[in-house]
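Below you'll find a set of structures to go through.
Two complexes follow with chain A in common, the first pairing it with chain B and the second with chain C.
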Partner chain A sequence: MISFEHVTKKYGRETALNDVSFTLEKGKIYGFLGPNGSGKSTSLKMMAGLVFPSSGTVSVNGKKVDRKIAADIAYLSELDFYYSAFTVQDMINFSASQVSDFDWKKAEELVAFMQLEPNKKLKQLSKGNRARLKLVVTLARNTPILLLDEPFSGLDPMVRESIVKGLLSYIDFANQTVVIATHEIDEIEMLLDEVIAIQNGAIRAIENVEELRETKGLSVIEWMKQIF
Partner chain B sequence: MEEFQASKPIYWQIVDRICHQIVRGEIQPGEKLPSVREMAIQTGVNPNTVQRTYSELERMAIVETKRGQGTFVTEAKDIISELKSRLQKEIIEVFVKNMKELGYTKEEMISGLKNFEEKEDRG
Partner chain C sequence: MTAFKGLYIKDLKLSFNGFIIGLFLIFFAMIASFALKEYFAEPSIPAIVSFIIIVLHVFYLPANLFTSLQVEAQSQLWLHNPNRGWKLFLAKIAAGITYFVASLLVSIILVKVFIVRTEYLGEFIGLSEMLSDHLYIMAGGMFLSSIYFTVWLLFYWTLYHALKRIPILNQIRWFVLLIVWLSVTILGNLISKIPAVQDFKEMGTINFHDFTKELGENTIFPETAELHLTSIIISILITVGVFLTSVWILERKVEV
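So, the complex of A and B:
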């Protein structure tokens, strides 16, 4: 369970999040949806213990989030940053060396699933394959919480589909909570349990995807158009 | 991955598709359905949604879950023929409603259908 209580985050005079409160339940897939600069990334970084609130409390499973939360959280950054001399296998070895919960067997399966060549240098990989590799090292961890910041951004439809299928194949649905921040809704609408709409650092609404369809007859995209 | 309509719940659209596949004989009585996870991957849909689909099909007595073995389409002929006539009724209802809106009488609808059938038969 992840909870934000009256969380405000300021960067200098800019307010990234303004008095935000919400709770995310275990075992669900959440979509954090909003335009660029809405506060999605800041929220995810706070859950990951990479950024701390100016005021208010962020807690995970009842514990206030600090740097040690990294043991419970797998975080996929939106940045396409890599060591160019590394091979795919080096990247996996390095990731495994940084955490205690790395599942080697799962990593191996994921590499095959994503059709990555272990000996290939990262600088020789396409952007799409680097995105696939990032997902491999994130999903290979057995953490109760998975945070994915813009996993689809700038990727072609084939790569997007392989990422969706990778998630569906390897998430432990009963035990893992997944939060996906994105401004691209098309790919993931059917993957989500709940959607959180965020704009200008404030939560506009939290809805269950199937309930939106049942009670309002709206897809997530149509709903987003109404509230933004 | 499959396409879904915006206005209906996804679980219900999958229920509908499976019912159609059963009526068309693409899925046979007694046949095992994919596991929730497999179905989720095939359709690109959240497993909780697929689980809801299976629960609904079970409530409709169209499938049954055998513990530790999976979910199977019923072998009861009466349930499948009931399903078949229900789908038929739904399609006819839509057809009749649309035709009435265009001002056609019952007789005109029937002769229209007969003409259409004959043309189809002649290819």
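So, the complex of A and C:
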């Protein structure tokens, strides 16, 4: 369970998050939806212990979040950052060495599934293949929480499709809590259990996707158009 | 593979290009020194260049570490790691030491092969003798000094990146570092002038009479003839303290 209690994050005069409170339950897939600069990435980084709140508390399973939370959380960054000296295999070996929950079998399956060449240097990969690799090392971990920050940003439809297929095939729907921050929801609408609309650092609404469809007759996109 | 080994291999890979460039520069400097010796008909030039190459190694480890840290600073995503900050830093230092030792060994071999055991011993006898007889003491001293500078570099690097989260200081981070450096230096000087501290530092002094005698008039580092054990212990304590402070800042204050 991930909990935000009156969390505010300020960068000088800029407020990234303003007195935000919510709880994310185990075994659900959440969509953090909102325009650029709404506070989605900051929220995910706080869950991952990479950014600290100016006030309020972020906790995971009752424990206040710090850097060590990386043992329980697999985080996929929005950044296209990579070690240029690494090959695909180097990246997998390195990721596996840092955590105790790395599933080698899953990683090998994912590499084959994403059609990545193990001996290829990362600097020689296309942006799309680097995004696939990021997903491989993230999904290969058996963590209770999975955070995906803009997994589709700047990627072509083919790559997006392979990422969604990867998510569908390799997420443990019963045990993993998944948070996907994005403003592009076409691809992931079918995956989501709950959606959280965030704008200007404040939560605008939280809805169950199934209820949204059944009671209000709205798709997530239609709901977003009403909210923003 | 253990977490530390994984980090160490990663850091070796990050610094490999820098290592190769460093070796190339050493070879280039040596070849250039022989060319200059011929051109100016000055046999001592290779010995002087060799000496400079070895002395410059005191900056090797800090420079290596800085380039490696700057790669991480592009995203700071290396902090998404369940392993503690000291492990992340120590792996970088270990990788840097590996290249430092390799580069220093290459330099020493070149000095031994090209300078000391050839006809180019030259007329700069003091320097040649020093290179010949005290090379390993020099190398050891530089290694320890290098570690000391490296840890201070870690401290200033983490402080610089921690200040990023304070917008009012973000634009003047270099100035803040300068203020901190000046404050630390002034404070250190003031403390070292306290008579009790001076007396303490004088304790456990070891004299190397033979060393000064051998160098004769061409003594270059006469002060290294005395070794203050208490000063070394203080330096070790400072190094450990600064390292732990850097780790604390990295874990608590540096954001992604």
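Note that the second predicted complex is superposed on the first by the 228 of 228 C-alpha atoms of A that agree within 3 Å, B and C clash if a C-alpha of one lies under 4 Å from a C-alpha of the other, contacts with A are read in each partner's own complex, and residues count from 1 in each chain.
Keep in mind that, in the parts below, contacts are C-beta pairs under 8 Å (C-beta built on N, C-alpha and C of every residue); 3 or more make two chains touch, one makes a residue touch a chain.
These numbers come from a predicted model, not from an experiment.
Engineer: Sharing chain A, do chain B and chain C clash or fit in the superposition?
Structural biologist: Chain B and chain C fit side by side in the superposed model.
Engineer: A:L44 in the overlay: touching chain B, chain C, both, or neither? Say first, second, both or neither.
Structural biologist: A:L44 sits against neither chain B nor chain C.
Engineer: Applying the touch criterion given at the start, work out whether A:L116 contacts chain B, chain C, both or neither, answering first, second, both or neither.
Structural biologist: neither
Engineer: Please work out whether A:D90 is in contact with chain B alone, chain C alone, both, or neither, and reply first, second, both or neither.
Structural biologist: second
Engineer: Figure out whether A:L191 sits in contact with chain B (first) or chain C (second), or with both, or with neither.
Structural biologist: After superposition on chain A, A:L191 lies in contact with chain B alone.
Engineer: Give the label of whichever partner, chain B or chain C, reaches more residues of chain A.
Structural biologist: C
Engineer: Applying the touch criterion given at the start, work out whether A:A16 contacts chain B, chain C, both or neither, answering first, second, both or neither.
Structural biologist: In the superposition, A:A16 contacts neither chain B nor chain C.
Engineer: Could you look at A:S77 and tell me whether it touches chain B, chain C, both or neither (first, second, both, neither)?
Structural biologist: second
Engineer: For the overlaid structures, how many degrees, to the nearest 10, lie between chain B and chain C at the C-alpha centre of chain A?
Structural biologist: An angle of 160 degrees, rounded.
Engineer: I want to verify one number: the closest Cα approach of chain B to chain C after the superposition, in Å.
Structural biologist: 28
Engineer: If we count contacts the way the header does, which residues on chain A are in touch with chain B in the complex?
Structural biologist: 28-29, 161, 164-165, 168-169, 173, 190-193, 209-210, 213-214, 217-219, 221-222
Engineer: For the complex, which residues does chain B have touching chain A?
Structural biologist: Those in contact with chain A are residues 1, 4, 6-11, 37, 40-41, 43-49, 52.
Engineer: In the complex of these two chains, what residues of chain A are touching chain C?
Structural biologist: 11-14, 45, 48, 50-52, 66-68, 70-71, 75, 77, 79, 81, 83, 85-86, 90, 93-94, 96-99
Engineer: So in the complex, which bits of chain C are touching chain A?
Structural biologist: Contacts found on chain C: 1-3, 5-7, 9-10, 13-14, 16-17, 71, 74-77, 79-85, 165, 167-168, 170, 251-252, 255-256.
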